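Paired with subunit B in one complex and with subunit C in the other, subunit A is shared by the two complexes that follow.
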Partner chain A sequence: MLSYAIRRMLILIPMLIVISFFIYSGLELMPGDAVSYMIDPEAAAELAPEKLDALRDSLGLNDPFILRYFKWFGGVLKGDFGYSLSSGVPIRDIVFDRLPATLELSFIALVLSTMFGSILGFISAIRKGSIADNTLTVVGMLGVSVPQFVFGLVAILIFALKLKWLPVGGRLMPEYITYWDRFPHIIMPALVLAATMTAGVMRYSRSSMLDSMNKEYIKTARSKGLPEWRVNLVHGFRVALTPVIVLVGFRLPTLIGGAVVIEQIFQWPGIGNEFITAVRGQNFPLVMMIALFSVFAVLIASFLVDLFTAILDPRVKLG
Partner chain B sequence: MGKLRLFLISCLMVTMAMGLWAGGQPEAETKTETKIEGLNSNPLSDYRVRQAIAYAVDMDTIAETLLEGKALVADSMVPNGPWKTPGLNAYSYNPEMAKQLLKEADWDANYTLDVVFYYGDQLTVDIMTAVQAYLSAVGVKMDFRKLEGDLGEQLWTNPSDPVNGPSYIKWDMAYAGSAALAMHEYYGKLPTNGPGNSHTPSDPEIDRLVAATKATANIVDQQNAFFELQKYVNKNLPLIPLYYQQLFIYESTRVNRNGGAYGNAQYKYDWNILNWSVTPDVSGKEVLYTNTAPVEFFQHPWFNPGIFMYSKVLFDSLLVADEALVAKEGQLASKFSVANDGMSISFTMNDAEWHDGSALTVEDVKWSVEYALQVPAIHSVFSTTFKSLEGAQAFIDGSADGISGLVIDGNTITFNFAKLDPNMMLTFSQFPPLPKKYFETADPLQFQQNSFWQNPVGSGPYKVQEVQMNDYTVMVPFESYYGGTPSIDEIVMYPSGENDGNVIKNASAGKLDYGFTKSVADVKSLEAMSNMRVTPVDIPYTRLFYVNKFPKP
Partner chain C sequence: MENIKKKNTRLDRSFDKLRAREEAGLIKKSNMNRQLRKMLNNKLAVAGLIIFSIIVLASIFAPLICKYDPLMINLKEVLKAPSVDHILGTDRVGRDIFSRIVFGGRVSILVGLGSALGAALVGVSLGCYAGYKGGFIDGIFLRLSEIFMAFPQIILVLLLVSILGQSLMNLIVIFIITGWGPMYRMARAKMLSLREEEYVQALKSFGLNTFTICYKHILPNALGPIMVNITLSTAMFILQEAALSFLGLGVPLNIATWGNILNAAQELRILQENWWMWLPVGIVISLFVLSVNFIGDGLRDSTDPSQQG
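Showing the complex of A and B:
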């Protein structure tokens, strides 16, 4: 197990290098650069080209592509994540400022969706063909099909604008002191995000449970006279959870970048919003660091999924 | 919404078809004998083609339908008011006249106009679709596309030969906007080698007329010069004005301006902010909620002096303008005097302080002007004023340490000009000095990236109390403000750019007390809210087609 873990961690390094190079190359293919984004097109005519060129020079944008990549990568190796091209703020500060907001939102949504999705999927499977199953199937399909922004806007309309129970958006306000002061702000975005994620987990959990219930070991358990709840929960649900864990594991990276739409609708000041702004502005040091965090999260998630699968399913061997 | 737009475009088509069916008599005054100067291989170099395009597009219908009556049809770059000459040809919708002019110009029906734009909104696409249909109806094919990447280069690169071209740019027409602080900006792209003149071959008459507008500081003489220029442009259409965009100031019913004027909210003017009041909350505090708080940094005010709320209340200028942006009295200057020939102006500073408690001095003013000339992007009206100072060129070249035309005497600073700048008063009413000590060792090229812009120190009636970047910004009255203490206790700003996508949501929730927008869709929704009032303001913002008249490469 330990040697497997070390091997997997070592493989991460070349993968990160290669992926970062591809992302950097992708950014290079975009038309324009950070300076062309900074200057309003209607005003650009009035600015002397030599001044813009000097600005590009000062930001290092006139260097050849490969040189820029290695300068950036060299900085990362030394722990220097660089500075935002638009504001001059250290990227470390931006990431650590925005990341907690996104983690807070996504973590709550992930926990809720995993919990409710697994339980509802389980109920749906063991009550297959019942009204509850059909209802949950329809709800699940709706949850998968309806875009997040529709859920978000409907929720704002009902709970913020009509009923006035919850704030329309934002995360912090000047008068807030404790976490509970700002708690009402997270209820709607977290529940909307969780609702759309729950649908997927529920559908996955249901089909996995149905599959599991048709296995020989379930029949064996029943033939041994075990109570039905024990058959379902201990023998069926435990094994059925394996693919669900895989799904949830692969959703871990969404903790960083998966709530972009929700962040925009609910004015949630997270890293997803920042990423979109940085890509539009071709703020490549910032894009690269957020992308690198996301890639790292995906690779780690994949590693964790393998570990948990082996723990949950005795048939799986690591090696 | 999609269906509504489809319906509006259908209405346009029907109107257009009816116009074609009804025909129309050519207007006698447009049968001009103008000699076709500068005609080249580009069909758009023929003024008759440009006139035909103007006649072919029914801007009245577009303004009424797609723009929902929230825009005025333009017959000049200059907006309606004292600076516009009467009697201009409005090029009202006349497809028969368009066809006739195209026939006279021997228009090649196989030629397809390449029209570009850079706005990302649906309205622009709808307008382009309508224009395409109108032009098609008179036999002109048109494609349109959105530009991406380095827009400045693709739109405004001058050709190496300003007389014969060929053009560097690839397009035939560019749909754009011109938001002017000074009237001179409207025609700045037309003269030979003018900055951004990517499209108009050298025309001595334009050069002469534009130069005449800058040759005097006398307002009446300036107006007359503009009138002549407008007449020439109106006849030859080197640019095709389309419509004047309005600005809409929205306020909640909680706000009382107490007589404060409504003006061009994109710039600074005397809007009586010290006396504004807001219905107090339960604790008795007057809190004004607004938008445009910084997302990542405060934008410096030397490029956009007043577009963001914080720029307006954080930084004062030497002079203050009225709602028409005409400088009316001193602000940071307790008194000022202008030489009769307009070639120098002196300011005596009041006892203003920076928000950190230090004194705002004439040294700060001098440093600000010199530093601004080294910053990559400042407003063109400011840079024109400062470049007109005595010794400015030597300073820019690096052959002088300072601008010799800036003379300090005690608490007075005098600006001596080498050449007349008709917009210097405008500059001094919009350009705010900044505190020298925070930038002394800073690279001017990275001015905007300076840490100062994370929590700026200003000179205006409000100071920054708290910044949670991308969450909110709180501003409170500056206790030592020379002009008195504002009535509103706190300004809470939500983060947004100039265009706030959350206006309707926040206004509906009662969390937005003030702001402005140019979005027609937002205005319709705001007008329908009982807790909001909307005030339209005519601003100098003209949407137009730039027309490339150089031979294409």
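Showing the complex of A and C:
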């Protein structure tokens, strides 16, 4: 088991290096370099080209590409993520400043959607073909078809603008002291995000449950004379839950990036919101780092999911 | 034993009826026919097909339906509510919303369908060959697809937008880059099981070359899941185009697309007071994606017997 875990972890390292290389070289293709961002174009036009070149030299911008890449990657490993082009703030500060908001939102949405999704999928599967199942199927289909942001806009219109129950967006205000002060702000984004995710989990857990109800061990359980609820719940649902949990595991990291649109329309000050601003403002170092972070999160999550399934399912080959 | 508690659903019953008629020799048995008939028996899929056809036909014949040019600015009629003249009202610069939705459908559907087909073309042709041959090529493409799939989809799309820049063509290319991975894996997985079949052994012993075997003889047997995948990715890409354009990072704003029309709703005043500017187009996107998803599900049910549970 331990050797499997270590081997699985070692695969991550080349992946990460290759991906960071891709991102770095992609942004290298961009017109302009750090110097052209530092000095405004009019001033740059008046400066002597030799001076600009000297500046580039002192910043190491004239080094060969590979050398610059390794310098940059070395810096990243040491925790030096560079600086935002628009504000000059270290990227590390920006990321750690924004991460809690995103994690808070994603975590609530993930918990709610997993809970409701798996329960609804379960009900839908054991009542296959009934009115409840058909309704849930159509509602679930609606949930994956209506664009997240349209759903969010309708929610803002109804609950914030018409009924005035909840704030339009934002997260923190100077006068907020306790968590309850800012609680109303998270209700809408979290519920909208959770609702759209629930639909996906529900569809998945329904088909997983149907799959497990067709297995031989369910027949065995029935022929032992167990009551139907026990067959469904203990023998069917528990087994059907494993793939659902795996799916949720894979969702975990996408939440860092997956809430981009929701964060934007509710003005939630998270990583996704920052990412959009960076893409709009062509703030390439920040774009690069946030992308790298989200990839890192995905790789770690898929590593954990693999470990988890290896523990749960003895058929997974460890060799 | 076999029938304990095994309930027949409506779909099962109608499939049984179909089989009975086939056996009685009333209708032809060819595989294509059967799948079509199964699909037409699925109410949701038929409803999806109808909505899908209406929206697609409306976009194709857009110039015949619309009274106004979608880009024509008319500053005398700004932010007008729906009326006989403008069925869905006008926007901030007096453009007719109905025309914009109908013409916008052309671009949005083109982006969605075009990207899905492009991704399928790249993913399937690579996956088919690599899955059949295995070895070195397969390893490389597998790693490559893993790299692309390690990014959360929207982050990768936005990263590529910031590298390649914003244009209609770029958006399609970006969607193909982000979408070929899953297609590749699906085609490859299908090939891995199909290549062990006996007819493949037979073809090999006839001395047919690899290309003929895998593209002409094996690929048609994997068409079912490929079609399902193309429909579902079309739905996904249309949603992504809408989200990106809504954020102002997708198709350039001077081209009417469904997402670009929605872009106006970022302003709270418009959201509250001018519902006609965003609600109808939101409904059209949802309906279209819904219909594509229903078609995809119907296709899967009719081509893949194992999904009927």
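Everything that follows uses one rule, which is that the second predicted complex is superposed on the first by the 268 of 319 C-alpha atoms of A that agree within 3 Å, B and C clash if a C-alpha of one lies under 4 Å from a C-alpha of the other, contacts with A are read in each partner's own complex, and residues count from 1 in each chain.
Convention: a residue touches a chain if its C-beta (ideal position, glycine included) is under 8 Å from a C-beta of that chain, and two chains touch if they have at least 3 such contacts.
For clarity, every value in this text was computed on a predicted model and none was experimentally measured.
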item: Which superposed partner A:156 touches (first subunit B, second subunit C, both, neither); value: both
item: Touching partner for A:207 - first (subunit B), second (subunit C), both, neither; value: second
item: Partner chain(s) touched by A:94 [first = subunit B, second = subunit C, both, neither]; value: first
item: Chain touching more of subunit A, residue-wise (subunit B, subunit C); value: C
item: Which superposed partner A:3 touches (first subunit B, second subunit C, both, neither); value: neither
item: Subunit B versus subunit C as contact partner of A:129, first or second or both or neither; value: second
item: Which of subunit B and subunit C A:168 touches, first, second, both or neither; value: both
item: Those residues of subunit A which subunit B touches in one complex and subunit C touches in the other; value: 30, 156, 161, 168, 264
item: Subunit A-facing residues of subunit C, complex; value: 1, 4-5, 7-11, 44, 146-147, 150-156, 158-163, 235, 239, 242-243, 246-249, 262, 265-266, 268, 271-272, 275, 278-279, 282, 285-286, 289-290, 293-294, 297, 307, 309
item: Sites on subunit B touched by subunit A in the complex; value: 118, 148-153, 155-156, 176-179, 188-189, 195-196, 295-297, 303, 376-377, 379-380, 383, 443, 445-446, 448-451, 453-454, 466, 468-472, 474, 490, 492, 494-495, 501-502, 505-506, 508-509, 511
item: Subunit A - residues contacting subunit B, complex; value: 30-33, 36, 38-39, 41-48, 51-52, 54-55, 57-59, 83-89, 94, 97-98, 156, 160-161, 164, 167-174, 264, 267, 269, 273-274, 277
item: Parts of subunit A lying in touch with subunit C, wherever the complex brings them together; value: 15, 18-19, 22-23, 26-27, 29-30, 125, 128-129, 137-138, 141-142, 144-150, 153-154, 156-157, 161-162, 168, 207, 210-211, 213-214, 219, 222-223, 228, 253-254, 256-258, 260-261, 264-265, 275-276, 278-280, 282, 284, 287, 290-291, 294-295, 298-299, 302
